[in-house]
Structures are given as structure tokens and as C-alpha cells.
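By letter and in written order, the chains are A, B and C; residue numbering begins at 1 in each of them.
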């Protein structure tokens, strides 16, 4: 096991499988783990606001019998007073047994781990690290197919600006024979720096058209096309519509293909899709709790 | 029992009495309930800020042995990213066992209950639903008089814009022979839509003058006249003073009349009233904890 | 013991030593206290944002087995609706068993204690009260030297605007033969009202130069020189540099001198100092948890 989770790149395939399989054990019998970290305190230090990641980690810690303190909003805390990340983290380490941090700066997770006397987990750091999102996504896929190897994954939407897609690509690159189909507007394509990092480990294809290739996918992973990424409202509106999933979009999909989304969505998957057997995004959110229980418990046990 | 609490209109008299009487049992022996919901998680999802309602629910859940996660401020969460209520609620339901939601939109409580896989409680939704405030108010009255039937209640202040007054009126309409006296500035009168809904079930009178009729009241329920409801500062100042309760105001009141207020107050009850035997507003706040313990426990037990 | 902690001035030497010595007992065997206040709820009511003080108190309450509710940001709560402190505190007292309040108004802690039915602790009130910071500072010194009496303490930086320095001066004045050296920019000198209050009880000297006198100090207590205290950026930049501690600054210090800082720092202690044997500021942060556990536990036990 490792001592901190700051980048999916640090975590080898065996450790990933270990985390996933432990999440499955926890999901099967959560009551067994309900007092596992009794008396332990998680601090959630969010320099950028977040709902899902924060609540999901808090729920995970509470479901292990632990407790939570934290900063949900940097604007209402002394974080804005200009303190360094290393000082903030040492403060949090003085008050708690494990830290989840979100920060906008590249490398901030690494700095935090360096200075902390307790385990640090990235809850999204810099522009490409969101390791626990990748792990819960892998858990969702693993639950469905019993493997990550030999799957064909479509990634659709904004592949450039979110932290989720790079983390996922680095994660898939650790497995064997994963094929990636990339669907995105021109200006939201995956970064070449990321693709060149993974191109020796997985096969990827930039595709123009979901309709023609959806029948080859095991997983369709949809992401939000964020308005704030476009120079103006018009540019956003022009592109938005081309990446919306409807029941009709899925008509040629494999029977056991699943649709995933890190949420929140703002229209890119129509509500009619929610009731289709392919929809997995709400289970995926729930899987976040099991995966984060697995991560927190493993890191805390390692430290003992 | 019911599965969600989104409107006082949904709750029949028997269920109201059931909740009230259970609150009384809890208040009598809180230690019996101190571990009742151990391991269960409440999420408080507030699209509008609130202090009292949120803290009171959190205290209630903790006093049942449960735990709490939540969003206190929509501005610092992904709620602002444009996600639908139904998606937010399904997220919260993935992370917790019961949800308290406050939202400014009419019907939002109903939507939340529709989509949630766990019980949903309105912590104030739309312009007229605040069912748990009504329930704690009824509990306060019931503790005092042993009944809700056959009482005369004065409602004073802003009867138009708060959620409390309509919820209370719908609640009183479920009981027998409740008489309502309405005291308010012209522009803050109770909405006709609400009054016409309840006029078959209770007797109400719009009164100009508290002094002349206070001797007939069992309860004087005072509400805050909010500055933001008036077109300008002057209009507010002109009216404000006419609805202030002083010890002198109460000199003709019945000996066992009680003064209630949902709080916060900003001057509409003078501090000198606090020490009079009629003052019940701080006990009323405390009653909120017992009533919400009753509600949370009943909904969680129902779900088992 | 006392019922509330609103000012260091209220607390006599015996009580201070009692709190400090109990903190030491807790630090030595924290597991003994892990369920001590089970079922008890702390409410943290912060009219001014704070990170350290709030998280440190929350951690302390959780490490006693208690629970926490609170308001981290007045802007997102009904505190802004114009409610009086006494009403807010009575509300919090209805929901919880002990209250920590931060408020910008002079005397606010006293008002809170007056109206509360549960113990109130100042988490920083007015311009000179931060009693728990003073207590944790004393605990840090006591751990190091086994006494507070007969020590020479240098206070450096902004001695005028923070709450920490006056609280510390009033605290030291309760002990015997404490010598204080004051180092600050002209416009950030300690207030004469404070100095005249303590001048009979301790010896103080306003010093121009740390270098010449550092060899006489047992403790060098550094505080942040806040940009917002200066009329303009230039005035700040002119002064900032003169009060920065580097390893070189410490070369003439006594071998067992310690460097303290209430944190956060923004450059006034260089990072190279962190690894020197004199650095105590991160332990000081940790000591805050033990000291606050001692305070919370004592006040709650007193109330039983």
C-alpha cells in the first residue's frame, strides 16, 4: 500500500485492484466496518468548493465510524490570508488523523503529502489529478464487467479541462488492452501531453461521430461541457447540443454497455436515459462512498 | 405514518398528534433515544441559507446518535453549476439515509421526495411550506394547553411573505374550532389563496387592533416584519413600530396566554417581555429539537 | 473552576495552572478521554470567519467523544438578519451543551455568557480577548520550561491589532517575575491601555532591536504583521522586512529558547527556521487541541 493518494500515476495496478476489491467487500457488508475508524478525525480542506467530492468523503469517514472537521469554503477562512499550502496542511495534521485536500494549484497534492504527518488524499488538485474519482470509476466498471482489461471505453464531452479525464486515462493505461474512443468538440480535445504519456500503454482513437462507433463500446463515459470554458455564450451554444445523450443515441449500443458520468450534469444526458438499463451514474455516485471508505480505511490502517 | 414531510397539507391530524406526542416522550427521557439512529447519516441540503432550521435539525440528528453531512451555502458548492433538484437529491440520497432540504422554488419539496430513495423533509420550500416549523409550533401549544382544539390564536406581523404563517394556518385547519385573529400592516396581510383554502375549517378575523382583542387570545404568535419586503426604508419605518410587543401590550392578556415567535426577532418583541411568564419563544426553539428528533426518528423507523 | 471563559482577566493563576496541567494529563493519555463527553454537542458560532480556532475546538470536542454543530460564516446564516447576540446565544444554547463564539464586538463574550444557559467560551471577541489562545500559549511554554514564572518573553510583530498579544500580556501578568521585551514597528506598538493595566504585575521594555537582546529571551513569540493594518501597500512593504525571523536571527539565542507563533504566518518566519530545534509553532497548534479539550471538559463537568 501507499501512504498518500495524490496522483493516480503513483498507484500501481495491484494497489488499484486491492482498493477496488476492498470497496466491494465493504459494500457487501458495510455494518462490519461501521466502527472501524472510531475516534479518528478526517479534515476536509477545500481551497476550491466542491459538493460531491466533499460530501462523499465525509459520508465515507462517518460510515467507518470516524468524524469530520473541515473547511468547505476558502473565502470564509484564514486560507485567504496568504498562508502556504505546507503550513495549512501542518495545521490540519495537528488537528486530524487524515486529510482530504482540494486545491487549484498543480503539484499542490505532492506538497501537502510532503509536509503532512498524516495521510493526505487529493480530492482534486491542479488540472489533471482527481485520483479518487478515477478509482471510483474503475470500481464501477469492475463491478459491471469483473475486469478493467480488454474493455472499450468511450470518453465524451469536455476531455480537456476537467481533472477526471486525465486521471482516468492514466488509470486505464495501467491495465491491459484498454481501447479508448475520444469524442469531443474541437476545442475540448484531450491534451496531447496526456495522450502522449499514455499512448504506449493503451490504444486511443479520436472519433468524430458517436453514432457510428457506439456499438463497439463497453462503457460510455460522459462529462459536462462547462459554459465557462468557451469564449462566449454563442460558442458554447453551438457546441453544447452535439454532445447530448438521449435514448435514441443508445439504440445501437451493446446490450450490456453502461453510461457513466461523474456528475453534476447540466443537460448532457437527457432525463429519459435515467430509467434505461444502461444508466449507471447514480450508482457511480454511491460507489464513490464505498471506494472512499476503502481508501480512507487502508491509509489509516497503514499508518497504525 | 408518511414517508416524507414536504407539506403540512399532507399530514393528517392523527399523524400530527402522533409526532407531537412522540416529541413529548423524547423530551421526557432523551437519554433513551441517544443511540437510536446510530450509524445513520442526515444530509442537510440548503439552497437558501438558514441558521435555526439547519442547526436545530443537526442537533436533533446528533441527539438521536446519528451523524450529519451537508451544504450550508449553495454559493460554495456545485449546486450553482445548474444541476436539477432531482439530480442533487439523488446525489444526497447516495450519501445519506435521510435528507432535509431548503429551496426557494415552489414544489421543490415534492420533486425531491419523488426522486429520493431516502426520506425527504422540507426545511422550508417555496413560499408557503415550512411543515416542521408548524409542527414544533403545535408542539409548543400542545405542551401548554394539552390540546390544539378550541383555542384562539392571534397571528401578528408579516402574515404574507414568510413560510411560517401559511403552514400554521393549514395546520390549525386540521383541528376543531380554532379561532384565528390576524393582525398585520395592510401590505403584509395573509394571502387570500391561503385564507380561502382554510376558511371552511377554521374561523378567522382580520383585526386592526391588538389592544382591543388581546384578552381573547390563548396564543399570540408574533413574526418578524422584514425590511426587505418594503419598497423603501421609509415605508418600513412607518409600519415597523405598530407591531411591537411590550410588557404594556400584554397587560390585558389572559393570565395563561403565551407569546410565541419563530425567531430571529429584530425588535418586534421588546427584551423586557423575555422575563414575563408569557414568553415562550426560547422554549419554542428548544421544542424544535424535540419535534425534529420525533420526525427524523419516525421517518427512519418507517423506512426500516 | 469558572462557568464560562470569556476573558483571560477572569481566570486566576490557580485555574490557569489547573487547565494547563489537565491538558498535560489529556495529552499523555488521550484514549482515556475519548468518550468523556459522549452525547454532548458543541456549537461553534463564528461571526467572524476563522480556520484554526474553529477547527481546533471542533477537533477537541470530537476527541472528547462529543459532537459539533455550527456556523462558520455569518454571511450565509440568519446572523446577518440583525438578531442580537443575546438572542443568537439563547438559540445556540437551546440546541447544544456548550458554545464557542467569535465576535468582533467588544464585550460580546460577556453578553453571551450573561444570556446563555450553557457554558460559553470566547473563540476571540472584541479587540483584545482571545483567552484560549493565551491558555494554549501558556501550555506550550509550561511544557517547555515547567513554569511560567521567572521567564523572559519577547513579543514581536504586530503588538497592537491582534487579540493574541493583549490576552497574553494579561495572562503573564498573573505570574511572578515575567519579563517582556516588545519588538514592533512604530505604528504597531502594544496599546498603552493594556500596558498600563499590566505594568504593576510584570516588567516590560520596548526594544528597538531584536539582535541585541535575543540572547536574553526564553521565548520569542512572533506575530503576523497584517497588510490590512497599513494605510497603503508601500507602508506595509517598508516595515514587513524588519520583522522576519531567519536562522541567522537566532544565532545568538539561548540554546533552549523557543520560537512561537499563533499562525497563520505569511513570511515573518522563514521556512528554514522550521527545522531548527527552537521551532515550536506547529507543536503549539497541536497543543491547542489538548488545551481546548481541557477547557471544554472542565466546563462541561462543572455544569453537571
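Before moving on, here are some points about what is shown:
Quick note on the criterion: a contact is a pair of C-beta atoms (placed from the backbone, for glycine too) under 8 Å apart; a residue touches a chain by one contact, two chains touch by 3 or more.
Bear in mind the structure is a predicted one, so any value in this text is a computation, not a measurement.
Overlaying chain A on chain C by C-alpha atoms takes a rotation of 120 degrees, rounded in steps of 5.
Comparing the residue numbers each copy contributes, chain B and chain C share less than half of them at their mutual interface. Centres computed as Cα averages put chain B at a distance of 39 Å from chain C.
In chain C, the residues that reach two or more other chains under the touch definition are 72-73, 76. Note for the complex: chain C touches chain A at residues 31, 34, 49-52, 55-56, 58-59, 62-63, 68, 72-73, 75-76, 224, 226, 263-266, 271, 282, 285-286, 288-289.
Chain contact summary for the complex, chain C toward chain B: residues 39, 41, 43, 67, 69-73, 76-79, 81-83, 86-88, 90-92, 94-96.
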